[in-house]
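Two complexes, one shared chain (chain A), two partners (chain B, chain C).
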Partner chain A sequence: MRVTQGCFSYLPDLTDDQIKAQVQYCLDKGWAVNIEFTDDPHPRNTYWEMWGLPMYDLKDPAGVMMELSQCRRVYGERYIRMSGFDAGHGWESVRISFMVNRPKVEPGFRLERQEAKGRQQRYVTHAYATDRPEGERYGS
Partner chain B sequence: MAAQRWRGPCHRAQPVSEDTDENPGGGPPASISLREEFDGAGIAEVLAQLDRELIGLKPVKTRIREIASLLLIEKVRQKMGISAGQPTLHMSFTGNPGTGKTTVALRMADILHRLGFVRRGHVISVTRDDLVGQYIGHTAPKTKEILKKAMGGVLFIDEAYYLYRPENERDYGQESIEILLQVMENQRDDLVVILAGYAERMETFFRSNPGFRSRIAHHIDFPDYGDEELFSIAELMLAGQNYRFSSAAQDAFRRYIAARKSQPLFSNARSIRNALDRARLRQANRLVADLDAPLNAETIMTLEPEDILASRIFAQAADSRVSAA
Partner chain C sequence: MNQQSLTVTGKERYRSGVMEYRKMGYWEPDYVPKDTDIIALFRITPQDGVDEIEAAAAVAGESSTATWTVVWTDRLTAAEKYRAKAYRVDPVPNAPGSFFAYIAYDLDLFEPGSIANLTASIIGNVFGFKPLKALRLEDMRLPTAYVKTFQGPATGIVVERERLNCFGRPLLGATVKPKLGLSGRNYGRVVYEALKGGLDFTKDDENINSQPFMHWRDRFLYCMEAVNKAQAATGEVKGTYLNVTAGTMEDMYERAEFAAELGSCIVMIDLVIGYTAIQSMAKWARRNDMILHLHRAGHSTYTRQRIHGVSFRVIAKWMRLAGIDHIHAGTVVGKLEGDPATTRGYYDICREDHNPQKLEHGIFFDQPWASLNKMMPVASGGIHAGQMHQLLDHLGEDVVLQFGGGTIGHPMGIQAGATANRVALEAMIMARNEGRDYLHEGPEILAKAAQSCSPLKAALETWGNVAFNYESTDAPDFAPVASVSM
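Take a look at the complex of A and B:
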């Protein structure tokens, strides 16, 4: 099952040129671009691990693309996303976030039904990938 | 909404893609007007500005003209589809302090940007401190961060020879040099590196780091300024600040230049700028000393000889003459 998270995730995966154009957009707006990765695809997993520090004061996407290619070399079999952080007054938060890399095979989620008190049913989303320990989840 | 944003920022100044826009039928154009390319890029304007704002530096201007022509032809070749790949554009500027290396680097970035060889045309000016870290594992991230900031523009490394310290074999400068060399080679279309410094020390630096020499295409030597050139620089600087010399002050300043040149630590245009700043200070002091004197735009804009002759340079020159005698 294809995980959809952040902007553009219902579109086909962005090509490198499209990613570059997005990064240029962020830089033109004065946002700091950040690269994050994870191998836990659960939608409530908000805090991904950071690849290096957020990149402030860049003018051109080439630097970000350099970091992305390095991150892909190490974590090519994980989810990688980019976010644009707006430090401007009143915003001070992430303005854009989009996926730039995903594992080749995404096994998806199963729905678990839990019997709770009385006749209550509780639903749990469980990613098949997380049955295995971190770092071994996507064949790497 | 998402789709709109996605299409929005697709604007990259890349000569090759422009070409396809102009010729939807495909195939490179058979002939290109060189004049149109030249005017379109606005290089004439940059070169004229260079002539106007930089006094002297004949060999430097000639080299920049040559490089600009080379780049123009390279751009036309790209449009015609007979490209030889991105040319190596890394440069080294050698010359004494205050000979205009940084200023020329700024102009160079402008030329490269106008011709589409760098995408943004900004200049990041750094020295050893910005590139080399203080402990193990600190250098690589530091150098890479600077490189990322410089991408799409020009990285100007002032006094580049400090990167290499042969007396300390564990110096972190070496690590920085290796990263620089790698990026200079692999990402030639993303960034142009300009190394600057004094001629002899740069020579030693290149001798001990042959990798740099072979990756640098253009070596430009900046000559020292002559007395008359320094004087024209002074007049140009003053005009920029809305000051002028009185005719007596002109003579005084000519004498000042001659005296200052014989002193140690003379750094060409920079020394001139400092001298003018001090002269302005003395002029202000002189005007404030007589609060009741009538003041008009003429007097407030004019530097008089006493503002210049009060400099310690003249006193020192006199001293040395006395001691010599």
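Take a look at the complex of A and C:
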């Protein structure tokens, strides 16, 4: 399966040039760019690990692309996402978020059901990858 | 035309009998509205032979303290303060016989945090007033002091996006069709296919409540099976607007509680349940971490004709105060009424923290929102993937685009329909962010995305040329060049 979180997951994986153009868009808006990675792609896993601090005050996307390539070198077998953060009043949150790396094989999720009162079910979305300890989930 | 004050004072003012409204203190052309006043702008069309100043004063009077005759008991009150004051009357451009009347109301005339109370005054009696042929409430200025007495949207755009983990693109939805007749089991099938195919939301229609073909509990149970299955299939947060509209408040609470118990992230109500019920559900939604969707069922009965009723921009303002998170606000390009400039005005009311006066969008007043949450506009009704560039241009990024027929009617099936919409949207956002002239290159961008997506290709072949071009019945009165000072 393909985890389709983020802004562009239904398109073919972005090339580095395409990623760079999106970074430029964020910088032009004055947003801080953040790189995060995880090996737990559960839809409600909010806090992916941060690759350093959000990058503020950049002019050139090259700096972000360099960080991305270093992150990929270490965590190339995990999900990596990039986001633009807008600190402006009334927003103060993420403005855009998209995947820039994913594991070669994505085993996806198992839906567990527990029969409850009446005809109700209790649902658990379980990422197969998380059956293994953190860091050992996707190959490396 | 703005003549002198005619207000009679002292003993003469309270002589028993009938007195013109403009002499009773409801016409005060020198009045300067206070920052804390509520201001209403009415379009008045007096009966033949009725003077527009008297008509405006009558509206002010009947929507505040007046009755048809002088009463001495006014003198037991601070009557000058409580009288609404018409302070300006202008002819409507290109509409002989109609006038814009500006009326100011003191804040003390209104109960804090109650749309029912506000509307009971402002639109309570006056719309049936005999000396008027027609009356329309065009816009209102709600002062910060009043705005702050309301909860506002239970969730708001920012937190909704955080909960859904969806940033940087419009949300995608679809209304389940046919809107009546599906069993719970079949209904859930449509929900599952649409969500798995790439939509964020599906939606009950306004008249899906609890009918013989599908009891509400059955719908909720099957829909939540579909939502959870689609979440596991995609790794994304999904939702379906469970319509909890019912005959009584108790029934609505029961349905909403059940939706919460099943883990739904969103519930839905219809505008026809009434303002107080809407405010109650907004408070319930905030207590229960629920997004609250509103279908504006019924609004066209009073919003559509320019001459009489209440403008939708006013309804949108009331709904933002009342605490709605999602509101249907027009598509511009779809099958339902919606002039582009007027619709833009509605969207600004939903999403901005401050609306500057913008006559060409039908916004007559500066409107502060005082950090009340933002409301997500919903575009629904006759839109399809081939219009993606126009939708993005007209409606922007913080909007739910709902493709009902455009998803479910896809020749390759519902999942394919959903995928076509999602691919078209992502391709357009990417192109926009890359700095391309996506509005003009739109068809090209879609055609290119369709090369690697056969569902999009099929959608463009099926609906590529469908458009709904009719003249609008509710366009702004002012062209962009007009400049009218407050």
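Please note the rule applied: the second predicted complex is superposed on the first by the 137 of 140 C-alpha atoms of A that agree within 3 Å, B and C clash if a C-alpha of one lies under 4 Å from a C-alpha of the other, contacts with A are read in each partner's own complex, and residues count from 1 in each chain.
The rule is short, and it goes like this: a residue touches a chain if its C-beta (ideal position, glycine included) is under 8 Å from a C-beta of that chain, and two chains touch if they have at least 3 such contacts.
Worth saying up front: this structure is predicted, and the values here are computed from it rather than measured.
Undergrad: One more residue to check, A:V64. First (chain B), second (chain C), both or neither?
TA: In the superposition, A:V64 touches chain B alone.
Undergrad: Check the residue A:P43 against both partner chains and state whether it touches chain B (first), chain C (second), both, or neither.
TA: Touch partner of A:P43: chain C, not chain B.
Undergrad: Regarding the shared-chain residue A:T4, is it in contact with chain B (first), chain C (second), both, or neither?
TA: Second partner only.
Undergrad: Quick one: classify A:P133 as touching chain B (first), chain C (second), both or neither.
TA: neither
Undergrad: Spot which of chain B and chain C makes contact with more residues of chain A, would you?
TA: C
Undergrad: Give one of first, second, both or neither to describe whether A:M55 is in contact with chain B, with chain C, with both, or with none.
TA: After superposition on chain A, A:M55 lies in contact with chain B alone.
Undergrad: Taking the superposition as given, does A:S97 touch the first partner, chain B, the second, chain C, both, or neither?
TA: A:S97 contacts chain C only, not chain B.
Undergrad: Based on the A-chain superposition described above, do chain B and chain C contact any of the same residues on chain A, and if so which?
TA: After superposing on chain A, chain A residues 7-8, 10-11, 18, 21-22, 25 contact both chain B and chain C.
Undergrad: Per the contact definition, I'd like the list of chain B residues that touch chain A in the complex.
TA: Residue list for chain B touching chain A: 2-3, 5-6, 8-12, 119-120, 122, 141, 144-145, 147-149, 151-153, 187, 190-191.
Undergrad: Sort out for me which residues of chain A touch chain B in the complex.
TA: Contact set of chain A toward chain B: 7-8, 10-11, 18, 20-22, 24-25, 28, 52-53, 55, 57-64, 66-67.
Undergrad: Going by the contact rule set out above, which residues of chain A touch chain C in the complex?
TA: Checking each residue of chain A against chain C gives 1, 3-5, 7-12, 18, 21-22, 25, 41-44, 46, 83-84, 89-98, 108-111, 119-121, 123, 125.
Undergrad: Using the touch definition up top, name the residues of chain C that touch chain A in the complex.
TA: So the residues of chain C in touch with chain A come to 158, 161-162, 165, 167-169, 198, 221, 224-225, 228-229, 231-237, 261-263, 353, 371, 374, 419, 422-423, 426-427, 429-430, 433-435, 449, 452-453.
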